[in-house]
Structure formats: C-alpha cells, structure tokens
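You will see chain A twice below: alongside chain B first, and alongside chain C after that.
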Partner chain A sequence: MPSARVVKNRTEFEGKIYEELALVQGADIPAWSADAELRHVGRSRLRVDGPQRVSGRARYTTDLMLPGMLHARVVRSPHPHARVIRVDAKRALALAGVRSVVDRTSAPELFDEEVHYVGAPVAVVVGETEEIAADAAHLVEIEYESLPFVVDLEEAIADRTRVQRKESYSRGDARRGFREADIVVDARYTTSTQLHNCLEPHGAVAQWDGERLTLWESTQAMFDVRKGVAKAIRARLDDVRVICDYMGGGFGSKLGHGHYSEIAAVLAKRLGRPIRCVMDRREENLVTGNRSATVQRVRVGATKDGKLTALEHVAWSGTGTEDGWVASTTGPSNGLYEVANVRSEQFLVLTNTGPFSAFRAPGYVEGTFALESAMDELADKLALDPLALRRKNYAKLDPQSGKHYSLKRLDQCYSRGAELAGWSRRKAGGTAGRHAYLRRGMGVSTQVWGGGGGPPAYATIHLNADGTAIVRAGLQDIGSGTKTAIAQIAAEELSLPLERVRLSIGETDAPYGPASGGSMTTASLGPAVRLAAVDVRRQLLEVAAGLMEVRASEIHLTDGHAVAGRGGKKLALDEVFSKLQNYTVIGRGSRHPNPEDVRLRSFGAHFAEVEVDIRTGAVRVLKIVAVHQIGRIVNPLNAKSQVEGGVTQALGYAVSEGRVLDRLSGHVMNANLEDYKIPTVKDVPDIVVEFVPDLDRRANNLGGIGLGEPPIIPTAAAIANAVANACGARVRTLPITPARVLEALRR
Partner chain B sequence: MKSFSYAKVATAEEAAGLLKQRNTRLIAGGTDLLGLMKERLIEPDRLVDVNGIAQLRGITATKENFRVGALTTLAELAAHQATPLIIKEALADAATPQLRNMATVGGNLVQRNRCWYFRSAEHRCWLKGGPRCLAVDGDNRYHAIYGEGECRQVTPSDLAPALIALDATVVMRTDEGEDSLPLAQLYVAPTARHRREHAVGDDDLILAVRIGGDALRRHATYLKFMERATWQFAVVSVAASARLVEGRAQDVRIVAGAVANIPWRVKAAEDLLAGEKIDDARALAVAERFVRDARPLRDNAYKVAVLRELVRRAVLRLKD
Partner chain C sequence: MEIERPRSLDGALAALAAHPGADLLAGGTDLMVEINFGRKRPEHLIVVQPLAELRDLDRNGAVRVGAGVTYTRLLAEGGGSFAAVREMARTVGSPQIRNAGTVGGNLGTSSPAGDALPVLAAFDATVVLRSRRGERRIPFADYMTGPKRNARAPDEIVVAAEWRDPGPAQTFLKVGTRNAMVIAVASLCLVVERARKSVRVALGSCGPTILRAGEAERFAEELIDESGWDEPLDVSEAAAARFGELVAAAARPIDDVRGSARYRRHVLGVMARRALERVGSVVA
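Coming up: the complex of A and B.
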C-alpha cells in the first residue's frame, strides 16, 4: 500500500488563499500530454444523470417524503431590528394537526432574543402537513419591542460603528504613482444586492435512529454541513450522515449548514419523527444569502501612452448581519494588471438585512465591474483602444507574488475574442442602429480567478466481477455536471465505456471530497479519481499479465483490452473479468498538493455587443463572446453550458436584478420571481464560447483547472463598457436600468 | 391560506345567487385571486367557481360586432382569427404562456394592482385601510406619474388600455338581465370611502366584453415597455387607435397603462392629432402634449420619458 504523508498546501478558494495541511498517499503522475489519444477526457458527453433530471426521477431534498415525517415552518420577524418580548403559541397549538411550537424559551439554542433583519427566525411551528404548519405560523402571536435600524448601505457607511476594515493590500507607493501619472480616473461605482434564487430552495430533512442522525440536505458541501451540524447539536462526526443525491443549484449559498438544518435535527430528535424544513421562495430571497451590494472608489493613474502608474481601490460591501467575513472585491485590482503601485482596502458594512453569503465568484464580480469600467474610462480619456490599454498593462508574472503562472493565455483570449466579436467594427462613439434612436456599441472586460483546487480529496474505485466500476467519493453534484466529468476521467484510465462507470456519491460515509464551490471541484477531485483508476488499472494489468503469462510491465490497456508490447498478444478485459469469479479490485487515489513555485489562475475575456434605445434607456444585449483559459477541458459540452449559465446570471446582475429594500420598513419589496427580475430565455443573447486549447500541465494530473465561476466575472463590465461606447452613457451603478441609462445620458 | 368552502356553478343565475353571500368571491382562472389568498390579502369564506358556465366562454364575431365571453382565456383570445390586431399585440407580452392559458378576460380586467406595498401582507397601506400611502415616501419606481389621489398604484392590465382604445363596452349581469357600460367607466381612482381600483363589486358578474364595428375598422396598436424581454407587468404601455380618412386621423384614442390609477387619456393630446396627417413632427407634438401634465414621484421620472416615446411611436404606427 502506498504510504501516507502530511503536506502543506495552498489553495485559492473564493478569491482568498488558504494554507492547510493535507494528507496524501503515494505519488502523483504527470498530466496527460497534449498528444495523448484520449477516448473520454476532452470529448463532449451528455450528462450521465441527464435523463433522471429531465424526467423528474431525480430525487431532490425537497422531494423527500419519509413515513411519519412532520413539517416545520419558521415564524419570521417583520421587524428589521427588535427584541422579542413574548411569543404566544396558544392559537397556533389549537389548530388541528399542529404538533409543536418552539421558540426561544423552549429552544434557546435555536433562537436569539434580538432579531436583526426582516425574516430573522423567531419561532418554529411543526405540523402534520406543510400547509397546516404554514397556517399555524400565522397564528403565533409575537410581541416585539422595535429598535433602531439601518438597511441602506450608504447610510450605514456613514455610521462608523457599522464599518470594519477587513483587508488591505499595497505594493509600491500609490501616492508617488499618482504623482507620476499624466492622467487620473477617479470614479465611484455602486452595485446592487444580487439574490441567488436557486431553483431548488434551501432545506433539510432530518431523521434519527438512536444516536445516529441522517440529514438530507440540498448542499454544495456535505462535509461542512456534517461538521457544522455535529458541532451545533454536540454530536460525533460519525453519528451524523449527510446525504445530497441531487441538488438544484447553490451558487455559493449552500456552502454550509443552515438554520433549517439545525431546526430539522433538533426537532426531529425531540419529537421522535422525521422533520422536513424547506424554505419557500420568499425565504429564499430574505434569509438564505446574497451577493453584497457595494460602494467602490477606483482611482487609476496612467502615463499619456497608457502605462498604469498607480491603482487604488476601496470597497465597502454590505454584508447584512454577517460580521465574520467579507468577499474580496478588491482582488481583481490587486492581481490583474502590471502596475507597480497599488493600494486597496476592503470594508465590511453591517446593515439590518439578511446575511450575505458566497455568490459565484464573490467579490470578484463586483470588483471587476468597477475596475474594468474604470479601465475603459481611462482608455476613453487617453483616446486608446480599450483592448490596447489592457494589453499595454499585461502582467506576465503574478503581480502579487512575483511568481510565474502555471499558465497564462489571456493574450490569446483577447485576440481570439476580438476576432469572434468582430472588434474591428467597434468605433469610438458607437455605431448607428436601425432607427435614429438606436445606438450600438461594443465593450470588453477581463476575468482573473483561482479555481486550481487542491487537497484534501479522496476517491476509491471498485471494479466489479462483470467489469463495471463504481467510483466512490464524497462528492455532491451542484448541477454543473461534475458527475459526468468524474465518470469520464475514470473511464479514461480504466479503458471502459462510460456506461460501465457508476458513481456512488452524495453522502458523507464516502471518502472526503471537496465542496462544490470555488470552481475547484473537478480540479480537486478529478486528479484523485484518476489516481484511483490508475491504481485499479495497475492491479488489473497484474492479473491480466498472469493470465497472459507475460510480465505486467510489458502490457498496457487500450480499448478494453490488455495488449502486450511485444508479440502483439491481446486479451479482452471482459475475458479477464469472466475468469475471475467473485472479486473486487479496489483502487485508491488522493489529491496531491499544488506546485509551490507557480500561481494557478484562470483568465478570460468577454466581449459584449449591445443596442441602446436612447429615448427609453432600454439596453438590449445582442451578443456575448466568452473566451477562457483554464487548461484542459474535460467535457467541452458541459464547459460550454457552464459559460452560458455564468453569462446569463451575469446578464441579470448587469441589467435587471437587484434586491429592492424599503428604507422605512426594512422589508425586501421584491422577494419573489415576478418582481426580482432574472433574465428570461428571451433576454439571453447569442453567446459564443471558446477555450484556449493549451494545457495547464503544472496545475495537476488532469492539466486543467475549474470553470464554475470565471464566466460570471467579466460580463457586467463588458456590458457597461458597450453601453458607454454605444451612446456615451457611462452607468456606474448596477443594474443598468432604463432609468439609469436615461440619467447618464442627461449628464 | 385560510380554509374556504367551494361551489362550482353551471349558470349565471346560480352564481349571482351565491355571490350575494357574505365574504364570497368568484373564481375564474384563479391566477390573481389565489395569489391574493395565499398572501392573506383577502380571506374569503366561500369561492364560487364560474368555470362551468358555458355561456361565458368563447368569441362571437361578425363584421359589426366582436364579443368575447368573460371566461375566455387570454390564450384563446390571442389565438382567435377575428381578434383585432391591437388585442393580439397587447396579449403577446401579457404575463407568460402558462398564465395566459389560465387567465381569463374578466379576471384580467378586474385584477388587483401590483403595488409592492399593496401586495405585501406586512404593509398596511392606505388602499388596505391604513393611514397613508407607503409608496409616496417609499420606493415608487413603478408608481403613478399622473393623478392627485392618495394612492399612487397603477393599472396592471395589458388588455384594458387596448380594449378602451377600441371603445369596448363591458356586459354585466343584472337581476333584470344584461347591462352594458363603457369599459373605461369600470375604472375609478380609489377614494377614502371606496378603496378599490374599479367599480366592480364582489357580487358583480361580468358576462362579456364587446367591441363595435366602427372601432374594429380603426388602425390600432399597442406598445408595452418592460425591463426584461417578457414576464413583467408593463412599466408603461400605450394603446392608440384612429380611423384614417384620406390620410387624416379621426376618432383618435390614446390610452396609457401603468401610469395612473386608471387607464389614462389626455384629451388635448388626442385633439392635437384629430383631423391631422400623421408625420414625425405631429407625433412628437402629440407625445409632448400627452406628458405635459405628468407629475412623477421621486423614483419614476424615467417613466415620463418612456411614455413620451411610446406615444410618439404608437402614433406613427397608426399610419401603417
């Protein structure tokens, strides 16, 4: 058996670098070379679970109906800040079918005395059906003492007690850099709160068997849910089993356990019945996380010929009531361009609104909008082509660490993107549309992100007597097609058809697997799966060698056959399988650490073409060209879907989405899918997707890194820049609504 | 949702009888009613389901008369070959295909407004009997740009402005039989004593909507402005119609939706077009006149610009 050792590893997760110890086994292998003849990896494959998902057979947490299960509905505060004086459950308990009403007096571990936002939990009602519980929730009478509150970000920024500095960064001397500048752009950008609105709501179902808890939960991170819930209810890790078979989206908002998980676990134990606690759409919009609204100030200084001399970026992010962490809005400014003098600061701002959470490239989406808008404003002032300005300040080395990148092909993203978008058609001042009031314009923006993944991640593969394989890993598929990618990797090394590889994932009794977040799932787990498959193959070859009477080192696997190097002896694997009777070949693999001497990052460029109606302010996005560099693409079809989804989500962020808060009552006024405007299929433009073909061979044994988040990062700035190009309206506030376009046109 | 009893009726008489009971509501497609009930904005004790009344369904069309039964769905109305073009335009972007399959003409005309304070169970605004309008000092980006009343909600229906532009009448059931009145008269700005967007009582039954022959021959068009390509109530909409006599406009109607408590007309703007040839300058003048008296709130000045442009475009389209 290969020996185990503990290694130090640096992983970039959601825009921040974490150094952690990890246990790895055996030795790693190099990535497949560019000319390796691969049968599965690098080829488009339909999703292995596609039929289940589209036919309704896939079972999500919200679908689960256990015998005897009860339903929990949370009673929530209508006040943005208040003290709970008294909870009277008499009327609720009198309703037929109500099992229990629990509040702070009966469950201090679940509820606080003070509530800090509209929607904060105050009590929970358990009923025989969801409807009964919902009806009873309205009958719970609660007396509050209202307290002062602030929901508006700008108002909160003015109140020092609500602002904390969380990150600061500098290199060189920004002040000197600005003195050296011929031209300075100094602009203020603001972005709205974006709500995840996952199709499948957040929720959990809990069932106890003695001291053992099984928790079905819609989550991106089963192991973190297990850890969090075990801690909250003081259970041992092995007494908590988390299951997530299928899930309908998370986008960062399901990276840990929720209050609903604790409610389900605690009440299931108390009442001795399984408990289901699943959010409704309104709760999704109030309490399950969001992308912070921001206020950002960006200053860029440059010489006449466009060389950046200084960059300053200060960001205030409204985190609601979350006062632990804040997303790195200034990350792109710190790391994208070659500029000697940089200074940035990141502030967290507390408001009486629902807590923020990670949301697909948290911080980088907001920050890239500001940075890449400012770059275009600078290009405008310098009368330079926006793309030329970006090229001029291209960072060959990582500006923060001074290290080389494992791969950087941003220049190719720019040139290929420009070609696909027809960038040469772009004119300063835009071009005419079909009518005098329609103007067309083009814009570009850049993305930089992590997504290299890293240990810990483990997988085992069991080869069955009939030549089918089961990959077992502590993985959940957030909906991005991870399952398919993993199956392709295993099938590749095992030389099996894809249908013969099954995945046993979606629960925490399996070997530890990473969260489906930070664009790191495939890059973390894929290499471990590959090593597990190599381990199986090695054992299989030994068996085949025995049967073929040659040495194992002399044969290899191709196309379902063991083939001897010399003499051309050939043995079908199926024959090997049939000769053996009951057996299990077990392969093991673990993820090895990332290289120390290079920085792993993904890059990409988006080009937007828009049409602006200058009389009504309406913006129509006609086309988005997205070219990314992430190294090897395991499944081009899946990768393309990933980019299309990211662009669509970014489109909403750019032009139509935004939480509306009523400043006087502190309520979210558009906590539903009618008023919170996610793009419809009619809004989605032509999306052209390409990837730079070069491999990232230093990254890991796949030769590629993650793609989950990169495609949402650059789109908003590309659209804003295209709008400015089309009609001169520089909108510095997201979303770019007709009202804002008209206002910018008037300036 | 509060529990309720439910009765399905087969005749208008039966329905009328049951609707006289206290706290009873008629349900047609249910697309608005059920939403209000789920939010507990209304809590009826009884629902009277009129979907079994065959006489309320379907379209009869002659050269001189177009009559659509109140229970006809928006999808059926949009698909019928005799339906005037302006109605088809209005329905093309009304709600979503799923909703249009359920939503009925009658329900569409008396649906409640979409003001987000009104729709929120946790806000007790003036229209719901509270002391004042919450939109005036709140977020009023979608609210009224005309009108003086306390309440600043706007008309949600796409169908109403288009029908009013064709001088449609609504046929109501009375104890004596039928009674017709101009559709426009259904809409009244709420007053302190009548906090409702229209004059239809809970026990009233709309039987049909009718358009007369003259109006059927007018040039007419409907424009709707949204912030996404579909599935949004109008931010602003404009229905315009006119008869063209030797290139000159007669019987001009310009009806704006989503800008006031009621479908909004500006007589002076219509008069500017009457008897005139339609050209760019005239269209612009009419549009300018239409918005001259608009009084936007803090967040909705953009609606004036949008309205001006929609009126201008709608008028120009009457030429074709």
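Coming up: the complex of A and C.
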C-alpha cells in the first residue's frame, strides 16, 4: 500500500485562490502525451446516463416519494423588511391533512424575528400532500410591523451603512500610469441581477433512522451540504448522509445546503416521518440566489500606439442580504492584461432583496463585460482594431504573480476565432443590412478563468470478476456530463469498453470528492480516477502475468487484452476474469497537488455578429464564435455542449434577462419564467465552437483543466461591442434592451 | 372546485345558466396560469374545449372562426386574406401553446395584450355570443370594455368571431422582449380594404383596450384617395413619418415589466410606418 502524506496546495475557486492542506497517496504520473493513442479520452461519447435522463427514468430529488413522506411549504414574507409580530396558524391547522405549522416561537432555530427581503421565511406548513401544504400556507395569518428598506442598488450605494469594502488590489502606481497616458477612457457600466433558474428546483428530502439522517438533496456539493446541515442541527458529521443521484443544474446556486435542507431535517425528526421540502419557480426566483447586479467604474489609460499605462476598476455588487462574501468582479482587470499600473476595489452592497450566490463565473462575467467594453471604447478612441489593441497588451506572464502559465494560447483563440468569425469583414462603423434601418456589426471579447482544480479528491475502482469496473467517488454530476468523462478516463486505463465501467457516485459515504463548481470537477477528480485505474491495471497485469507465465513488467494492456512484448502472447481480459472467480481488484487514487511554479488558467475569445434595427432598437445576435483553451478535452461532444450552454446563458444575460424590482414595494415584478426572459430556441444564434488542441501537461495527469464557467464569461461584452460597431450605440447597461439601444443612439 | 364537462354547446349553455359567471376553460393557456399562480380560485369551471360546435372555420363568403379554433389551425390556413391572421398566429407562444390556445380564449380573457385582438379590431369583426336566451352579435369595438373586461354577460359563451374578407392588404406586427413565447410589448394590425376605401389600424398592448388610431386611418385614406384605391401606394418618407406619429399619438400606454410607455409609443410609430410601406403596395 502506498503511504499517505500531507501536502500544501493552492487551488483557484470562483476567482479566488485558496491554500489548503490535503492528503495524497503514492506518486503522480505524467499526463498523456500529445501522440498517445487513446481510445476513450479525447473522443466524443454519448452521455452514459443520457437514456435515463431523456426517458424520465433518472430520479431527481424532486421525484423522490418515500412511504409516509410529508410535504413542507414555506410561508414567506411579503415585506422587504419587517418584524414578525404574530403568527396565527389556527385556520391552517384546521385544514384536513395539515400535520404541523411551525414559526419562530415553535422552531427558533429555523426563523428570525426580523425578515429582510420579500420571500424571507416566516413559517412552515407541513401537510400530507404538496397541495394541502400549499393551500394551508395561504391560511397562515401573520402580523408584521413594517420597517424601512432599500431594494435599489444605486440608492443603497449612496447609504454608507450598506457598503463594505471587501477586496482591493494594486500593482505599480495607477496615478502615475494615468499621467503617462495619452488617452483615457473613463466609463461607468451597470449590470442586472441574473437569476439561475435551474431546470430542477432547489430542495431536499430528509429521513431519520434513529440518530442517522439521510438527506436527498439537489446539490453541487454533497460534502458541503453534509457539513452545513450537521452543524446547523448539531449532528455528528458521520450521522449525516447526503445523496444526490441526478441533478438538473445548479450554476453555483447549490454549492451549500439550503434553508429547505434544515427545514426537512429538523421537521422530519420532530414529526418522525420523512419530509420533502422543494422550492417552486417563484421561490427559485426570490430566495435561492442570483448573480449580483453591479455598478462598475473602469478607467483605462493608454499611449497613442495602444499600450496600456494604467487600469482602474471599482465595482459595487449588490449582494442582497448576503453580508459574508462578494464575487470578484475586478478579477479580470487584475489579471488579464499586461499593464504595469493597476488599482481595483470591490465593494459589497446590502439591499433588502434575496441573497446573492455564486453564479457560473461569479464576478468575472460582470467584470469582463465592463473591462472588455472599455477596451473597445479605447480602441475606438485610438482608431485601432479591437483585436490589435488586445494583442498589443497581451500578458505572456501572469501579471499578478509574475509566474509563467502552465499553458496560454489566447493568441491562438484570437486568431482562430477571427478566422471563423470572418473578422476581416468587420468595418469600423459597421456594415449595411437588408434594409436601410438594419445595421450589422462584429465584436470580440476575452475570457480568463481558473478551473485548475486540485486536491483533495479521491476515487476507488473495484474491478470485478465479471469484467466490470465500478468507479466510486464522492461526485455529483451537476448535469454537465462529468460522469461520462470520469467513465472515459477509467475505461482508458483499464482498456475496457465504456459500457463496462459503472459509476457509484452521488452519496457521501464514498471517498471525498470536490464540489461541482469552479470549473474544477473533472480537473480535480479525473486525475484521481486515472491513478485508481492505473492501480487496478498494475494489479490486473500481475494476475495476467501469472496466468501467462511471464513477468508482469513484460506485459501491457491493450484493446481488452494482456499482451506480452511486441507481437507476443495475448490473453483476453475476459479470460483473466473468468479464471478469477469471486475476486475483486481494488485500485485507489488521489489527486496530487498543483505545480507551484506556474499559474493554471484557461483562456478564450468570443466573437459576436449582430444585426441592430436602429428604429426599434432590437438586437438580433446572428452568430457567436467561441474558441477556448483548456488543454486536454476529455469528451469533445460534451465540451461543445458545455460551450453552447454557456453562450446561451450569456446571451440571456446580455440581451433579455434581469430581475425587475419595484422600488416602492420591494417586490420582484418578474419572479416567474413568463416575465423573466431566458432565451428560447428562436433566440439562440449559430454557435461555432472550437478548442485549441494544445495540451496543458503541467496542470495535472489529464493535461487539461475545467470548462464549466469559461463559456459564459466573454459573450456579453462581445455582443455589446458588436452592437457598438454596428450602429455606434455604446450600451453600458445590461441587458441591452431595445430602449437602451435607442437611448444610446440618441447620445 | 366543481368542474363540468358538457358534451354539447347546449349542455354548456345550460351549465352556465345554472352557474352564471362560472369560468370557462378552453385551451387553458390563460386560466391555468392564473390558477397555478394562485391568482384565481374558480368555484365552478365549465370545460368548453372539446365542443365540436365551436370549431368551425368557414371562409366561403363571410369569414367565421369558431371560438375553439386554435392558433395552430389558423397558421395552417393559406390565402392573402388571412395574411395578418397567420402573422399573428405565428407570434403566439410556442407550438404547445398554439396547439392549445384559442381565438375564443383571447376574446374571453380580453387582455389588451391578446395577440388575436388587434387583428379582430382591424378587421371590424363581430363577436358572436350565445346563451340560453339566444344569440347576440356585437361589433368588436363595443365588445372589449377595459383591461380583461368585456360585454359578455355572465351566462353567455363566445362562440365565434366573424368578419367580411377585407382583401389581401393587411399585416400584423408585434414587438416582444425575445423571439418566442412572449407577451407583446406592443402590437399593431393594419388593413387597407381597397374595395370599401377604408383603412383600419388597431393597436395591442398600448392601452386599456385594443385601440383604433382613427386620425391615422383618415390620414392614410386621404393618401390613398390621392394615389387611387386601385393603385399601389408609394409612401413618401414624410407621409410614412406622419402616419407613424398619428398612430403613436393614439396609444395610451403604461410602464410595466415588459416595457416603458415611452418605448411603446416610439415602437408603435416605427411599426406603423413599416406596416403602411408593406401593405400600401399590395393590390388585389
């Protein structure tokens, strides 16, 4: 058995760097080389769980129906800020099928006396059916004392008590840098609150067996749910087991346990029956997280020939009632370009609205819109091609650490993207459309992100005598196809057909695995799975060598056979298995630390082509070209889907999505999918996806890093830049609505 | 909640006579949303969706569209005299909603954003209502009385909309906040009925009811009087702009979640100009 040791590791997660200790075993192996002949990794494979998902057989948390299960429905505050004076549950309790109503007097651990946003929980009704619970929730009478509130971000920024400075960064001397500049762009950008609207709502089902709690939860982070719930209900960590077989999206909003998890756990224990607490679409839009609205000021200074001399980025992010953390909106400005003088500040702004949460590249999406819009405004002033300006300020070394990157092929993303988009057709001032009132334009924008992953992450593989391998890992598949990638990695080293690799994932009794967030799942867990498979292979070869009467070192696995030397004896693995009888080969693998001397980051460029109706202001996005660099692509088909999904979500952010608040009542006016406009199939343009083929062999033993978030990062700025190119309308506010285009045209 | 599923129109009328003011369920694309969002809790529901008597679509001579005709069926209709109807139907919801939603539903709900309503208004359609007391025929202009209010009596069912064929010079335009599954920010239907020397333009989502832009209509009629009712109309830049202004002036829009009053007024002007340019050149 290999010995275990504790190592120090640096992992970048959601734009921030964390230093942690982790336990690893054995030694790592090098990444596959570019000319390695791989049969699974790097090839498009249909999703291993595709048939279950599309046929409705996949069981999600929301589908779970346990015998005797009760349904919990949360009664929520209609006030943005109020004190709860009295909760009268008499009428609700009188309804047949209602089992319990709890509020802060009967369950102080679940509720606060004061509510701080519309939708804050005030009471919970438990009923025999979902419908009974929902009906009874209307019958709970609550008396409130209204308190003053602010829901508008700009209004809150003006109130010093609501603003906290959370991050600041500088290098060089920004003041001096601006003095050296020939031209300065100084612009203010604002972005709207984006809602996740995952297909599967948030929710949990809790069941107790004595002191042991089993919690089914739609989550991106089973282990964090376990930790959070155990702490909240004062249970021992190993008394809480979290299960997440399938999930329908999280986008960052399911990275920890929810209030619903605590409700389910606490009330299931009290009532002695399983409890299901699943949010509806309105709750999804009010209480389960969102991307912060921002106000940002970007100043960029440059010499006449386009060399940046200074960059200043100040961001205010509305976090609702979340006062702990804020996303790194200024991250792209700190680290994308080679500019000697940088200063940035990140403020958190509290409002009486539902708490924000991580949302697919939190901060970077908002910040990239501002930075990459400002870069185009600068290019305009300098009469430079936007791409040329970006190339001029290309950072070969990581500007923050001074380190080399493990891989940086952003230049290739630019050149290949330009080719695919037909950038040479772009003209300053745009081109004509079919009618006099239609103008066409093109825009570009850049993506930088982390996603290198890191330890801790562990996997075991059990190879059984029937020739199937079972990969066991504390992994939840957020819906991005991680399962398939993991199966491909195992199949590769085991030389097995993909269908013979099974996955035992989705519960916390498994070896620890990372959250499905920060674009780091495959890059964290994949290398551990590969090592576990290598461990199995080594043991299997020892067995085969015995059967073939050769030394283990003389044989290798290929195409389902153990082969001795070149063209020597061959033994089918199936024969090995048949001789083994009741025998299990167990392999173990752990994720080793990241290299210290290089920075792991992914890069990409998006090119947008749009058509603008200058009379109605309507923007039609015709095409998005997305070229990304993440090193090794485990499954090209999956990777392409990931980019298409990211671009689509970014398209909504850019042109149609945004939470609408009523300043006077504090209510969300579009907390449903009828009024909150995510893109439909008719809105999604032609999306052209390509990847730089170079491997990131320093990153980890796969040679690649994560792709979950990169494709949502640059799109909005590319679209804004294309609109400006088409018709001269520089829209500095997202979403780019027709009215805003017209307003910008009038300027 | 009591739900009745009568097998005939007579049965439905009897059920409604027994429970005047009961909610009628056709495609359910409005009512079920209201119920699911908890905005409405009908005590009595009468399902009219399967009634064969409401599904007639007759285009021989005067046009008659049964209240139960879905948007999918309207989309399948051909012919120049249905151009605006088809354009309108295409903008309704998604295929699933078009399969379920009906013209009668739009009339019953009487939302100013109901996509079919500007078309019916511009076509000078007649709304046919029936009750056990008999049949009533009301001009569309008198039918819709306010936002989600109309002249239907509590015991009446909308059975059809009828209009005389106005000829092929017609178009429907709509602006939404995305390309599908949208409620109109603003919509407009323009008809140039050359045979009767009449121009009619109706506006959706721009006031408490569907509005007719009377001044704009008269302005366009005068234009065509000059160029000739049998000739294609070549709209000058100035005339198109004036027409747009007059249409915009007829609107009584509000600010809401979908758009501002200011934008609505602006975009109505743009749509009006485009509609006139498009339709002016169409001669039967």
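Throughout what follows, the second predicted complex is superposed on the first by the 745 of 747 C-alpha atoms of A that agree within 3 Å, B and C clash if a C-alpha of one lies under 4 Å from a C-alpha of the other, contacts with A are read in each partner's own complex, and residues count from 1 in each chain.
As a working rule, a contact is a pair of C-beta atoms (placed from the backbone, for glycine too) under 8 Å apart; a residue touches a chain by one contact, two chains touch by 3 or more.
All values derive from a computational prediction rather than experimental measurement.
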Discussion item. Given the alignment on chain A, is it a clash or a fit between chain B and chain C?
Written reply: clash
Worksheet item: Which of the two partners, first being chain B and second being chain C, lies in contact with A:T584: first, second, both, or neither?
Response: neither
Response to the item:
Comparing chain B and chain C in the superposed model, the one touching more of chain A is B
Item to complete: Pick one for A:P78: touches chain B only (first), chain C only (second), both, or neither.
Response: first
Discussion item. Looking at A:R615, would you say it contacts chain B, chain C, both, or neither? Reply first, second, both or neither.
Written reply: both
Practice prompt. Examine A:S168 and indicate which partner it touches, taking first as chain B and second as chain C; both and neither are also allowed.
Written response: neither
Discussion item. Between chain B and chain C, whom does A:T105 touch in the aligned arrangement: first, second, both, or neither?
Written reply: neither
Item to complete: Mind working out whether A:M669 is in touch with chain B, chain C, both or neither, as first, second, both or neither?
Response: both
Discussion item. Is A:E131 touching anything from chain B or chain C once the two structures are fitted on A? First, second, both or neither.
Written reply: first
Practice prompt. Considering only touches as defined above, state whether A:V660 meets chain B (first), chain C (second), both or neither.
Written response: both
Worksheet item: Same chain A residues contacting chain B and chain C, which ones?
Response: 138, 615-618, 655-656, 660, 669-670, 674-675, 677, 679-680, 682-683, 737-739, 742
Worksheet item: Which positions of chain A touch chain B when the two form their complex?
Response: 78, 131, 135, 138, 437, 613, 615-618, 655-656, 660-665, 667, 669-670, 674-675, 677, 679-680, 682-683, 737-739, 742-743
Discussion item. With touch defined as at the start, can you tell me which chain B residues reach chain A in the complex?
Written reply: 1-2, 40, 116-117, 120, 122-123, 134, 137-139, 141, 225, 227-233, 235, 299-302, 305-306, 308-310
Worksheet entry | chain A residues within the chain C interface of the complex | 138, 282, 615-618, 655-656, 660, 669-670, 672, 674-675, 677, 679-683, 737-739, 742
Worksheet item: Quick one: in the complex, what on chain C touches chain A?
Response: 33, 37-38, 94, 175, 177-183, 257-260, 262-263, 266-267, 270-271
